[in-house]
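Here's the structure, in structure tokens; my notes come after.
Note that the chains take the letters A, B and C in the order they are written out, and that residue 1 is the start of every chain.
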Amino acid sequence: MRTDEPELVDHHCHGIRRGEIDARAVGSLLTESDSSPPPGTSFFDSQLGFAVRRWCAPVLGLPERAGEAEYLERRRELGSAEAGRALLAAAGLAVLCVDDGFPAAELLTVAEMADLSGRPARRVVRLEAVAEAVAASGGPAAGFAEAFARRLAHECSSPEVVGLKSVIGYRLGLDFEACPPELSAVVTAAGEWLRASAGKAGAAPLRSEVLLRHVLYTGARHGAENALPLQFHTGLGDTSLHLRRVDPLHLTAFLRQVQQQGTQVVLLHGYPYHRHAAYLAHVFPHAWVDVGLSLNYVGASAQRVLSEVLELAPFGKVLFSTDAYGLPELYHLGAVLFRRAMAGLGEEAVRAGDWSAGDAERVAHLVAGGNARRLYPRLGC
Amino acid sequence: MRTDEPELVDHHCHGIRRGEIDARAVGSLLTESDSSPPPGTSFFDSQLGFAVRRWCAPVLGLPERAGEAEYLERRRELGSAEAGRALLAAAGLAVLCVDDGFPAAELLTVAEMADLSGRPARRVVRLEAVAEAVAASGGPAAGFAEAFARRLAHECSSPEVVGLKSVIGYRLGLDFEACPPELSAVVTAAGEWLRASAGKAGAAPLRSEVLLRHVLYTGARHGAENALPLQFHTGLGDTSLHLRRVDPLHLTAFLRQVQQQGTQVVLLHGYPYHRHAAYLAHVFPHAWVDVGLSLNYVGASAQRVLSEVLELAPFGKVLFSTDAYGLPELYHLGAVLFRRAMAGLGEEAVRAGDWSAGDAERVAHLVAGGNARRLYPRLGC
Amino acid sequence: MRTDEPELVDHHCHGIRRGEIDARAVGSLLTESDSSPPPGTSFFDSQLGFAVRRWCAPVLGLPERAGEAEYLERRRELGSAEAGRALLAAAGLAVLCVDDGFPAAELLTVAEMADLSGRPARRVVRLEAVAEAVAASGGPAAGFAEAFARRLAHECSSPEVVGLKSVIGYRLGLDFEACPPELSAVVTAAGEWLRASAGKAGAAPLRSEVLLRHVLYTGARHGAENALPLQFHTGLGDTSLHLRRVDPLHLTAFLRQVQQQGTQVVLLHGYPYHRHAAYLAHVFPHAWVDVGLSLNYVGASAQRVLSEVLELAPFGKVLFSTDAYGLPELYHLGAVLFRRAMAGLGEEAVRAGDWSAGDAERVAHLVAGGNARRLYPRLGC
């Protein structure tokens, strides 16, 4: 990172996988697929894989574009901790906002991510994970709604929490009925869920449409009242989602509903519906669009995808993130691919006379971190 | 405009806002949002805003890419009329086809637009506005259908009328039931609407699904019989529409229905579904695709968006327009961004050997105005 | 074709139109429209038409970018057979996999395509055509399911057969109910179809939702058991389809269902939903994405469309094809536009440092034919 480059606020990422991981695990973290690579193929044979070899190999002391086998061997030699430290340092992130709501035992915690990166880390609270924690601790169905609200408030009372996140896109799709459910329906659904979870180690994953909507609308209000923006998974993700159902435009009615109460809504990823997300950020003052995850996956095409987002999105509403998960490579790639795409896009616009050099610098600054600092008042660093 | 450049037929635009407007109003006309810019942002911080500073500032005597404050101050000094005249002259449009169906009092009329621009202006009749005028003048529900047909015929009897327009996409979506309603249903719906409008200054906005379909199918037939192409709003627009419901592909069944009767259907804007609109223009001989509005909004990316339209659209079915509304800047930008995108695309294709120089010139001529002259037989200038 | 260029396996094409064809027929084979070109336009005025003039004219002894009239005249002089031979030789395909399930009398057969091209030709069996052949030969409704299975097995027993194809997208859309129908429903539907077809020269086209699903699921299983990948028409096609209904994402549930049994699913064309198809190839190990047809239609923009596919698609799951139909020009164009797009994309990535020269060569090899050789074990040449 050159010192005149804008600071990067990673407003949405996850933890790194704990301990040593083998070549197979590295590959599996380079894809959204939950299967092994088909015979004769490698997950390294993709824009993301090529980007790892190009940008991460030098960080680990190899030449650019080192081969897959060489890269994996070098990574093994260094060990996870050293590779992780090197790659996170290279990323040069100013602050990391970690969604720790996913199967957490195998991932580094927020505090550990701060340690490893040497940068401040903040926490994003996943609504469904809070609900699952409530269900895991039992209690009567009639008290679920109150217990959830209490627990959510408790979790968010920590100063390290800067935002909320919903994965209703994964669990149900974004084409949910856009209204909070009746309380009586919540009680009934909570009863069924609690019974299904009884006697198990943790709660069954939250999949009830009624409860997902209840949790979402409760979270949206809590976010509005506590300056916690609400992030949504939209667009590409792993095998368990139905891509058509996570088109961010499905959130149109929801956006209208929460506009007055002041919920700030962040549309994560979006790809291949990123132009749709940009449209929502254009027409709704409380909608924001993120470019994380997609830039990593499209690698050499990152500039085009970023440019498509910036067609319609107001420059004050676009957010950098890495959405890195599991592999330290992904934090570095997220940072470097964004920096390069943003710089390339700006240089092209300046060369064509469309933007001034100052314009390009200012837009880069906004997207890299300025917008996030405005959006997340509790960032505090 | 160089004299060897193709003439621009603006087959779809609106009137300029009447009188002096303040900085806030200028900003609000640079976005499809109906809200104020969120704190810390400006509607000038967008591809469209940057394009205004780049292309319109010199027309008003400022350097290219002048700052927002400087631009607004200069605009105020000059006054709306002088700024308007300068920007419209710079646009160099051959003829303007003005849809005057939107809240007209605050916008210049067709005749006033002709005066200000010094160019011939023609009129596009908005079907829903005609229906609302009929409703505003009262009359029995049983006579609504006949009164609408009579009024439509009357409006269109003026030689200045060159086309029709439907905003059913805004009012209902394009995913309407693709058949004209029964006359009895029209009478019932008209009765409800007339009662709701009674005693008010004008009619309540037309929102009845039955009446919107009746008005549309009546207009489609009238257009076929009177050489008046029917324009549809599709794709991006203001906050009141649901973008998913204005995907032009929703018009597939309608297109099949009106093909034999000879209605020419113009798919306006289309973005981000412009490739879908281009597909319809490819397979249906009576479907046409427009590149207005989107080129303005995407600014520096106009060439890519135009190029995406030209992937599948027959070159003889693509139409330039500005879709400018309210601000004289938008007519100039629509013209200059189209000219530049078209020229850039042609130069690239010629450099790559894909097109001959004559091909590039001919395609530019078709899209700029040649296709519109073929499509709108009543243009007459 | 330079000798160091990767061999092209055309895993999906059709036969050339038999005999001499006039200028009108040539034009009609340059479009997916089933109408005549609207007055004042020509089907040559499109990216595809310009590409024919650019790439095919020299093969027929004309200068690059010869005019339409000159091109048609030269074609007529040479005659279909000589033009066909010249264009197929120029295409330089290693092997052609011909879907011969479309109105076959007017098209060259698989064997005739091998003769004309001088290259091995293989056959792709269209499931719906097999069902229609069964229906045409009569028999009781109760025996339809068995007769279909027997006939399919018989057809596929020929060593020239390398794959299966479904056109359920055309007949019904891909948004079919994702489960095989009950056998009793199959019998009922077969009865209706057989009665409707009785006394006619051939069977009525298969349009029954029940039978289309039965035929599809039977084919999927047969394919899994016999190493025959199952191709699906998705995305753009002729006027008879509804584009929204052939978004490949509609196949998500089907893909999940056939994953365990081992059916390999090939998503043909895809455009303008090609990023969606690439996503499916990314997350599902048994999904593959094809770039045929779309590259021909978008002509000068082929590199961008190919690049969009390669954003998310694993490089080991992308397949070249021509999807050429009727005109020998389309085989040559499919080959040359793919080669150029792939080479251009690779060169750009190498110049930017994103890929090594070896990477570019390897990806080109995979997409051109290496992936097809892995996917189609019965290719055998």
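In this text, a contact is a pair of C-beta atoms (placed from the backbone, for glycine too) under 8 Å apart; a residue touches a chain by one contact, two chains touch by 3 or more.
Just so it is clear, the structure is predicted and the values come from calculations on it, not from any experiment.
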Task: chain A on chain C, rotation in degrees - Cα superposition, rounded to nearest 5 - done: 120
Open item on the list: If I list every residue number at the interface of chain A and chain B, are over half of them used by both copies, so same, or under half, so different?
Closed with: different
- [ ] Report, in whole Å, the distance between the mean C-alpha point of chain A and the mean C-alpha point of chain B.
- [x] 38
Task: Numbers and ranges of chain C residues touching at least 2 other chains - done: none
Task: Touching residues on chain C, where the partner in the complex is chain A - done: 247, 249-250, 252-253, 275-276, 279, 282-286, 307-308, 310-317, 349, 352-356, 359, 363, 366, 374
Task: Residues of chain B that touch chain A when the two form their complex - done: 31-43, 45-47, 50-51, 54, 64-65, 236, 238-239, 242-244, 271-272, 297-301, 304-305
